[in-house]
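Let me begin by presenting the structure, written as structure tokens, before commenting on it.
By written order: A, B, C, D, E and F. Residues from 1 in each chain.
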């Protein structure tokens, strides 16, 4: 194969592909993702008390996550743009150092919303970091993972161990 | 204090604050952040071999991280918009299941670029998830943390233990 | 109820909600909104004559309103992203000091386009301010209101008095 | 003058102009703008009580206003893009039917931030409408005006009567 | 006709129109567009060899084109926002000075994707310019044209001569 | 060199680079770019007469070009975000089939505005295509090239032959 042939058919040679979903059916699809933000106990106490330097942390993080979910297709290069139907971002104080985030997203579409749920979790976590970093630069974001998905031809999937 | 007084001075009562940095000096500031993407060995091998379903994973993730760093101020509600001077996103195969991401961002500005570096890492990681999720939905993103920052009045900071 | 229970179920406790519309039907929906820009007679005369400092005011404001309607879901945090089918922005010189703006937006969707029409009016009005502010900083924007909506389960609504 | 001459020099003939500010000095500039949202007393009471259908109205509107201020240059066609240094959005229950919004924005820049302050007020007001429209479609947005500006060669300006 | 009548009916008088497509049917629509980037032979050789100053040129240009296709409705004022189903951007070294770009976009929608395909080609071409301009400022972009479209009531169209 | 070493130092191996400009000086920089849109004589006559299907073609294209120039850093992956100081987009009817576009952009910055000027020309040209495509799908965009640049350490550059 000559170099010109290779370059005129890059799709077969490992280059990035924006997968065509036009033959897929529109169904209701849902995805749930989660993550954890770990910090010093005093930082978490400050967030719970609403005294963080930039103000109401969880309310701001929730909105940031929802707004990011709507723009996932702009951020992730090969992710399809979707007009999502609903999104929820919830928080749980899981321990004295850990704040857990869960995002649930739904859509009528030809592709799933795993990336939208994961993006909502990630941007909510980053927003928590931003609002608390003046008092704790050592905050760590982790455990970002898909918990479940439903809808679409491939059917449901649930994470086996968390 | 009456309710009206409270509401006309919400800044003192825990609401979100977009901190005024107009009195800060413009200096060169740099931040380095990192993260890890953990997956099945076969998934990581596929990414290394360039055979992932959506194509060249690391090249795409690098660009996604750089482009997201430029738009951090749009994603993080109380983060200042900055015209960054430079950004690098690098990858390391740290083990047979772990891909490590490092982002380094620089700016001449009145605020630091911690959020830009953390956002670059997060969006690069999400892009890796997106490109490999057809073969491994159990991929986990973690260890997202600031490694160091320099510049600004508060001076340098380096993470003590990683 | 313990604090942790409250925080893990924030949706029931007054936090922001991105309402799930996945159970709603797709129908043709339309909304009409209006607003008024009030200014000195000389300013309005300059706009009519096409002599404003930044140029063709109404043509620019119309485009700004249409383009903003397309991006309403990015601006309004809990507004669903919609791919609108049509949008019109019209102007009327209602008095020697008042320019009235009307926007009409249509969509096939699961939610209405009230926010899109109101956003089109608001951004068109802001654009008029921007283009004329060099000669009249005292311009006021007002009377921004929904005039009517049709489509959807809740049916039609028309403003009773304007 | 022939038609071709006219068309090759459209800047002199009333077309939209993106004014060149490269000869202006960078100074600290500030602008304050305000607006009012008028609604039924029951609607305002519901917002104060935090019981609006989409949740925490003022906190969400504040963030929406701040985030919109950062993107003003994208929305207003001939407005310069600016990296703002600070923004505040405050609310006051001015009467049993009126919620007043004030936005204050600062920048080091070659142009003022009047449009950023006015955009913050407008988008905060639209967000209030969005969050309360399920119970009151007759809400009206008005009195959007510049209150004051400082900085720049043209100096300070204060609205004479409000 | 009085001036006020004219201004209250601007749609009939030559002003910009965002055409209403709500009466059109949703069908699968596809468009193919192409373009060419012409440069010095040494520049093209450098791109082929992967030695351009900013790195992997074609991979970056492909992603830029795909991402721009997703945002066409934001860039082109009167273009409808569309959630595209698929997009491909391919390259061919057509001569020792010419790199040809082809983009193919598909959607289920009420309007075609000609603009999305043309935008993908244009932004891919601009990205090539950006990545190679340090070694060749004389690069020229040309031959940007629609090659074919299918779907919709107006049926198929194919460029007669290229 | 092992594969892991290569991957942990991708910057030296041909991957995309977002060049660090933090050591460059802020100077006034200007770029001028041009392009041509070629169409059937009847199409050009319709545009001149203001009778194109979507309305005022040149006014809309000018605004689209200016607005795109402001967002160049979002579209071109490795292009630095810049707060431009000024932008002009002009048109000339160069023959009975050719409309020429010229864009001039200025900035105080650490990098030049070549990409901003080229992007303004490209998006203005695409907008012309969009507004006239209902009557002429065969329109071609070409001759997009940098005409000149000034400012910065590398000094001025002017295209030798056009």
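By our rule, a contact is a pair of C-beta atoms (placed from the backbone, for glycine too) under 8 Å apart; a residue touches a chain by one contact, two chains touch by 3 or more.
This is a predicted model, so every value here is computed, not measured.
The chain with its CA mean position farthest from that of subunit E is D. Pairs A-B and A-C differ in how many C-beta pairs touch across them, and the larger number is found at A-B. Inter-chain spacing, taken between the CA centroids of subunit C and subunit F, is 31 Å. For the pair subunit E and subunit F, the distance between mean C-alpha positions equals 14 Å. Separating the centre of subunit D from that of subunit F, both taken as means of CA atoms, is a distance of 30 Å.
In subunit E, the residues that reach two or more other chains under the touch definition are 15-19, 56, 59-60, 63, 67, 71, 77-78, 83. Arrangement of the chains shown, judged by which pairs touch: an irregular graph that fits none of the line, ring, star or complete shapes.
Interfaces, counted as pairs of touching chains, are A-B, A-C, A-D, A-E, B-D, B-E, B-F, C-D, C-E, C-F, D-F, E-F.
Residues of subunit E that touch subunit B in their complex: 56, 59-60, 63, 67.
The residues of subunit E lying in touch with subunit A in their complex are 28, 48, 58-59, 62-63, 66-67, 70-71, 83-88, 90-93, 106-108.
Per the touch definition, subunit B reaches subunit D in the complex via residues 3-4, 7-11, 15-22, 73-74, 77-78, 80-83, 109-110.
Taken together, the subunit B residues at the contact with subunit A in this complex read 14-19, 35, 50-51, 53-56, 59-60, 63-64, 67-68, 71, 75-79, 114-115, 118-119, 122-123, 125-127, 129-131, 133, 137-146, 149, 157, 159-160.
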